[in-house]
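Heads up, there are several structures right after this.
In the two complexes that follow, subunit A is the common piece, with subunit B as its partner first and subunit C second.
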Partner chain A sequence: MTVPEPTAGPTAARPKYVGGAVKRREDPRLLLGRGRYVADINLAGTVYMAIVRSPHAHARITSIDTSRAVAAAGVLAVLTWADIKDEAGPLPCIDRYTDSLPVLQTALADGVVRYVGEPVVALVASTEYGAEDALSLIDVEYEPLPVVVDLDEATAGTTLLYPEHGTNVMTTIAQDVGDVAAAFAAADRVYEETFTIHRYVPMPMETRGVVAEVDPITERLTLTTSTQFPHLVRGFLSGVLGMPESRIRVVAPDVGGGFGAKCEFYCEEVLAPLFALRLRRPVKWIEDRRTSMVASSHAREQKHTVRVAVQDDGTITAVDAQSWTSNGAAYCTLATTPASISSAMLRGPYRIPHYRARAHCVVTNKTPLAVYRGAGHPQAVLVMERMVDTIAADLGRDRVELRLQNMLTPAELPSDRGTAIVLAGQVVYDTGDYGACLERAAEMIGLSGDWEAEQAAARAEGRYLGIGLASLVEETSIGPYESAVVRVDGAGKVTVLTGSSPHGQGHVTTFSQLVADELEIDIEDITVLYGDTDVVADGVGTFASRSAAIGGAAARKAAGVVKEKALGVAAHVLEIDVADLEWRNGAAHVRGVPARARTLGELASAATAWNAPLPGGMEFNLEATYQHQAGGIAFSHATHAAKVGVDVETGEVTVLDYVVVHDCGTVINPTIVEGQVHGGVAQGLGGTFMEELAYSPDGQPLPMTLQDYIMPTLGDMPWIRTDHMESPTPLNPYGMKGAGEGGATGAPGALVNALQDALAPFGVNLTSDGPWTPDKVLALIPEDPA
Partner chain B sequence: MKPAAFEYRRPTTIAAALDDLALDAGARVLAGGQSLVPLLNLRLATPSVLVDINRVAGLDEIAERDGRVHIGATARQAVVLSSDLVRTRVPLVAAALARVAHPQVRARGTVVGNLCHHDPASEMPAVALALDAEFAVVAPDGSPSSVPAADFFLDSFAVAVPAGGLVTGVSFPVAPPGTGAGFYEIARKAKDFALIAAAAQLTVAAGTVTEARVAVTGLGHRPLRMTAAEQSLTGGPSTAEAVRDAARLARGEVLAAVNTRSPAAYRSRVLPVVVCRALTSALAQLEPTP
Partner chain C sequence: MTSAPPRPTLIPVSLTVNGLPVDAAVPGRLLLADFLRDSLGLTGTHVGCGHGTCGSCTVLVDGEAVRSCLQFAVQLDGCAITTVEGVSPDGQLTPVQQAFQDNHGMQCGYCTPGLVCSLTALLAKDPSPTEETIVDTLNGHLCRCTGYQNILKAARQAAGRPVEEAHG
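Presenting the complex of A and B:
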């Protein structure tokens, strides 16, 4: 779609922006290198923070000697836990269950280190280089303790991270639906399998970073941080330091990706303010990539065991599941969410009336684990979709047909699934046509009558092809709310403030589209502001595919209130009853008298303090604040279909074709939705074939740089073909659901199923998400495949 | 990015570069910086003196002399790759270089620097070994010498350059008429370091292989020449079957420690495959295009 031209006459219908492929308004600036990230912020008098991190996976700190560093030229301050323990409380975990054991992080290690990279001592020096040099002047002695990195060993509890709790299992989440025991007793067949999901990480292109400064006059602290949720950071920092929120300003400037890693509150966001308060100079810290490997949140690692009850006719009647999440050394800000989502969403689009899950959150001597694009969904989708393919193969059933047989139909929606997700609430699927989505994807990937013949013919030539499917339903648009302010200046220009601070999603474009349509004005007349708690008073943030549906709805609602106010002002100015006015093309028009109209700018001007006095009771200024509350979870859905080719001599896998049919309700901007899908698929593909944050048995992380932690680039990506379906949600007036995470959620399941399909002649049964590197794939293939 | 302190020198002549290198035993040469600068930033390398040779006149040559193509120490990979001389006269160099790093890295990185860094997973050492490249080395006293590739690669990240010496260039023999070049690499992702890679060059006259050159990188601490495969092909027919038979003779000690990214068993198993594919692609270049 091209950007609509303003229409000539007042009666002509104005084209809508929503639904159009409007080019991203933020791109010219970002693509020309005019982004301003934390690292670009250089305040006069800045000093630099560096952090001594534990080289041990588990050890008791027996002594810390900072004297050499303190005496070194250029070193301005050094902090240990002893120095800050009275002023910095533990870092929050906001998704703890009431019975979760308290295993919270502290800003510096409190006597015991539990993962490699855990902060032990922080220092500030006058230069970045000097700070780095000074790290080697801090002498810390450790007494190593037994290390546990394996999930099974950790669960067994022979080595404890927190002996005072007597267990490494910090929480067990329960989901119980129907009568699982009876369903298994009545089952014709029972399938049982164990799946392992490896550890990989969000790895945003921009690492984390902070700048903290204290205004010497007002004593206010400004923390600039690369975060997904500045308002929550303000609240967390206030809580940890016992400082009123009014003394804290948090700024998220341009943020170069987050994917969940920046949906966390980190020790550096406490330490830099502590130094700034002491030194009264701006304190800067930029995470380098090597540090990021251990200091930013990790993700994904789980083990699942599932039992599935199936009737001979293919009906899946029950699933009995257990999972173990390797949460790392302590709880993150969002710690139980992956386990909670995996357990609540395992059944995906399938009816499966009886369900039981126990999801265990287990501490291990690794970097703390948190949410990453899709949170617990990708793991659950992999497990369920592998099981469905296994059942189809065993029953000799077509895998599309078997899926369709078990899928919820539109007539069965809304459907209360009987499970719940921490922070988000009850799982009630709202809208969607899962079957149509699957059929469309199967058709697009070529899974039709000729496929098996094509596959057989290729095998005869030594080419091993496979198609894999993954159908998913995904929690999006969680609450509790998002805020928006819309205000119009006297020139008719509109400012939108959103509490949903973006980091690449294109909020400026999509929020402008929504507000432009509501006010029937040009998108160029809209400015979207965000990411500064002094500019936007209240907000929640950008995560869980929530911004468009919650923040976007708030912005459009606020614009609607502004429109009503404008009509009220117009009634006053035109001396006419408001019922005789209509809003069209950015102006209030007198019905039946097209020439009598007042534009948005004229009305805004009329409502200012220095213009016409308004009648009593009428508010000055065309401005409105709206808080949109979620009122439930909107569930997006999709089917991914991947076609792969396996080189059976080398184990190399090529993704030949990739299809995503996606339904995120009303699409505001198809290009942005496609971008979200593409990026998510890239991350799922990376996790499936390349990326692994592996640990040695003694708890040393193996990758140190991106030379060791392999991520896909453009050269590794297939051409992704997408198709959109639109099942609007009733949870907001505009029908939008979330689109941010479905790409990452579906890719591992589809790719592993495709690999399974390709390698089926060798009798393989893939029960892990990889990463399926060439050596691991080749190990599945006999030396002489002929 | 926080390297430890170092002294930075930027000489304009080889003699001055040698003087600068003589300042301290910890002096290192900086050319394209694509390997060294990351090591500096990680503080895995902490040289006392960094001798930037980018302003030394004449080191960026790409020229043919005496039956060899000479590539100077500061010639960028991107420039070498786009050179018609390289593509036509030493096609194996171009074939392999296309697999070395991303365009952004190649715009700055140098062929010689990449060879001197000698990462055991690097592609170009195999090419240098297969083609009997000669390295132009200047000793600290200024005396020049030529070191054949077979003697140059000593160990992972170690080459035969005396302390305080400088490599000013590398030369490859011009491919004889009737030569095809092939390079096959298995990597973890596009443009990444090799898990294993084979460089092959076949020269054929009247259906008979007159010269076969094959070397493999990624097996151990240095690239290995596949002499049994070369001997099997030389003097025989230039056929796909001969290539397959020769590839089966590919042998070499595969060390686990040298490449933690890929088990030794894997590299052993695919060794004949990559050799076969490199040779097959060399052979394909010899066939008249329809």
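Presenting the complex of A and C:
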């Protein structure tokens, strides 16, 4: 398909910004140390919040004695659940299914704690260090209860987190497509496997933090918080406190990474406002890293069992899948989304006409689990891509060829997959050439005729090399909508307001590119504002790879409306029919009379109240608000290809080469897209080889610092080679799809398949994402590899 | 009935921060990072982990890259400190800073000031470091956004090395 070129006038020669590697406009101030993150905000009179958290994974609170703290010098207020239960409702979960059991979090524990780190008592003191000191003055006694951290045990239900419900399974999501029973009955072969996906976490470099104050002028509550979605936080806080949204302002300043961990609404975002309302002083809380290990959302942990029906010719006809997600102690804001996405997207790019999935969300005595870059996609990709390799090996088929045989072709798109994703809607693949993408990646990584000889020769020398592939289709650009406002001042400078608040994605740059192209003006003439619900009245946020596609489309559409208004004003000022005007180089030109023109600034001035009166019905000021509605999900796709080497003496895995060929529709800025791919791959690599938020059997989280939760550094990373394909989506007029999550989505599958390929001579069958630390890899290798 | 907060013993400290003299009296346990950020308002120095692992809080102490979350302010008596705000006294990007923008070596910007300080310290001592030295320096920093490839490119550019090549 072709993408409309809404800006190109017949004689337009102005170079386009969209598609160009424009340097980021937000960088200089950040490089000069002028960023403003939550922790950097020090309002006059600020007091500091600290929180007593449960040391037990499951226990009944038998007593809370705050008297020593209340009497202590410098402690200004103390709150327990008893103090706030009449004014703070449960925290919301927005992706509950109608039959989900109600297991919501409360701002402080209500009688029972269900994970280590659950907030029990909150206090405020006059200094930050003093607030930490005062925690030791709170006396809480607990009666330990039986703990369940293992997913199978939790599913069995011997130990219940919520005895009143009689089960630990909160929700079971069903996906039914075609006739699975008949397909299995007719299958030549059936493959069955169980996969485990471990728990790891987003871990943005900036921890969470809040500052709450009652605005002294308006007496409204202002909550400044490190969040990915300030407008939704405004609504959540309104709901929890029963306070009208009109009385609440939420600000997301610079946000130091999120990856899903800040796509949640947390107890501190309720507690700090409660203190601020009581004390009428600014209340500040900054999560320390140790606390973040248990107090910020966890991710990924699932178990899958899959049965796959295959014909002798390699056609995969059906998948029958079950999954269990270890949701932790209660519903998060986004609790069922990982399970929903895994179950809806398991088949990836493959046709597989018959499909059944049951995805169970199970409570366990761990920190609540939520979304993390890719949400449920990485798990599904690992499972499906491991199965495809298993089938190829069993059938003696080339793994690229078998994939191509089963992949949907461009001619088969759009394709209604018959599944649905909670909050996002029906899965209908829009555009893409999955096969071409795979072939390109296989070629780039060197999976040609020489590879097997190279691999065999290396093995003969005791070097174990492997190549792994993972092809994926991912949900991006979910709705329901995003908002934008574009306005022009009398100097022709343009302000863009977006409801999508960034945390490293470069919105200022990409949104400027889109608007500059629409109005044909210089990018430097554009200011982009976001992240303050009083400045931008309406918005949704940055998650699910949605901002550039949905928010960007809204901004460009709003700019288009402004352009139409400007042409209308020009027609009035020049006393000419609007049909005789054209927009070029930031000005309205009379067709055929290049000298007769009015610039954007002149037209903005002309449209003000104090200049020329406009004809009746024409709006003053060059300003427009646009709400772009998604109208469906745009599906990006990619193939990742990894080459690894395994040291069979030490178990160390080195990623020697890494290729990502991906398609996120129209690319606004290739440099930013590549940066997203690199970062995502690093997180997937970390999860595959290093990172695990493990628990002891009694529910104690094991890593408590960044010295024992090991994340990749430069030396762990391969040089990532990328190639772009562009299949614009018809869902927005500019063709963009999302690019933020694909890197993390594809990496675990490609890396585990590469490790499998390397260790195949030892007869291994990898059925988990590890993490494949050297000790675990070594355990796969016989004592005498020769 | 609450009494007045206990007054911590304050210890005098005299140092130079970004070229200006600073004389203060601070509690013994006040971390350098908190002193810079909260007492002096130099919030460009970021605390990412608080235990010396991530490198976000790196500043220059007498020209050496130091993690400010692992130092007490009182330890710095007589020292000259440069924070990210002082790396570029005139507000223009230094070649190190420019290299980050040129190579998209940053996304959320939280870890970036620490990297700028570390590379500034490295290049001041060794304007033409080897690839190995660059990698060693960068390995002391955690970044969760970039996957490091573009940070490496930025460091190479600042060091006058070829930017685009796979590392071994």
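Throughout what follows, the second predicted complex is superposed on the first by the 772 of 786 C-alpha atoms of A that agree within 3 Å, B and C clash if a C-alpha of one lies under 4 Å from a C-alpha of the other, contacts with A are read in each partner's own complex, and residues count from 1 in each chain.
Please note the rule applied: a contact is a pair of C-beta atoms (placed from the backbone, for glycine too) under 8 Å apart; a residue touches a chain by one contact, two chains touch by 3 or more.
Because the structure is a prediction, the values reported are computed rather than measured.
Quick check on the superposed pair: does A:R24 touch subunit B, subunit C, both, or neither? Answer first, second, both or neither.
second
Check the residue A:R34 against both partner chains and state whether it touches subunit B (first), subunit C (second), both, or neither.
Only subunit C; A:R34 stays clear of subunit B.
Just checking: does A:E206 make contact with subunit B only, subunit C only, both, or neither of them? Give me first, second, both or neither.
So A:E206 only meets subunit C here.
Just subunit B (first), just subunit C (second), both, or neither: which does A:V681 touch?
second
Name the contact category of A:E132: first (subunit B only), second (subunit C only), both, or neither.
Once the two structures are laid over each other on A, A:E132 reaches subunit B alone.
Is A:G506 touching anything from subunit B or subunit C once the two structures are fitted on A? First, second, both or neither.
second
Touching A:P349 in the superposition: subunit B (first), subunit C (second), both, neither?
Neither: A:P349 stays clear of subunit B and subunit C.
When the two structures are laid over each other on chain A, which of subunit B and subunit C touches more residues of subunit A?
C
Figure out whether A:D775 sits in contact with subunit B (first) or subunit C (second), or with both, or with neither.
first
Which of the two partners, first being subunit B and second being subunit C, lies in contact with A:M690: first, second, both, or neither?
Touch status of A:M690: first partner only.
Let me check the overlay on chain A: which residues of subunit A are in contact with subunit B and also with subunit C?
In subunit A, residues 128-129, 288, 290, 705, 707, 711-715 are touched by subunit B and also by subunit C.
Residues of subunit C touching subunit A in their complex?
Per the stated touch rule, the residues are 1-6, 27, 29-30, 34, 37-38, 41-51, 53-54, 56, 83-85, 87-88, 91, 93, 97, 100-102, 104, 106-113, 116, 135, 138-152, 165-167.
Using the touch rule from the top, collect the residues of subunit B that touch subunit A in their complex.
So the residues of subunit B touching subunit A come out as 1-5, 38, 41-43, 102, 186, 188-193, 195, 260-263, 265-266, 269-270, 273-274.
Under the definition above, what is the set of subunit A residues touching subunit B in their complex?
128-129, 131-133, 288, 290, 649-652, 690, 702, 704-705, 707-708, 710-716, 773-775, 778-779, 783
Considering only the defined contacts, which subunit A positions touch subunit C in the complex?
Counting only subunit A, the residues touching subunit C are 23-24, 26-28, 30-37, 39-40, 42, 70-75, 126-130, 202-207, 254-257, 259, 288-290, 503-506, 671-672, 674-675, 677-683, 705-707, 711-715, 717, 719-720, 743.
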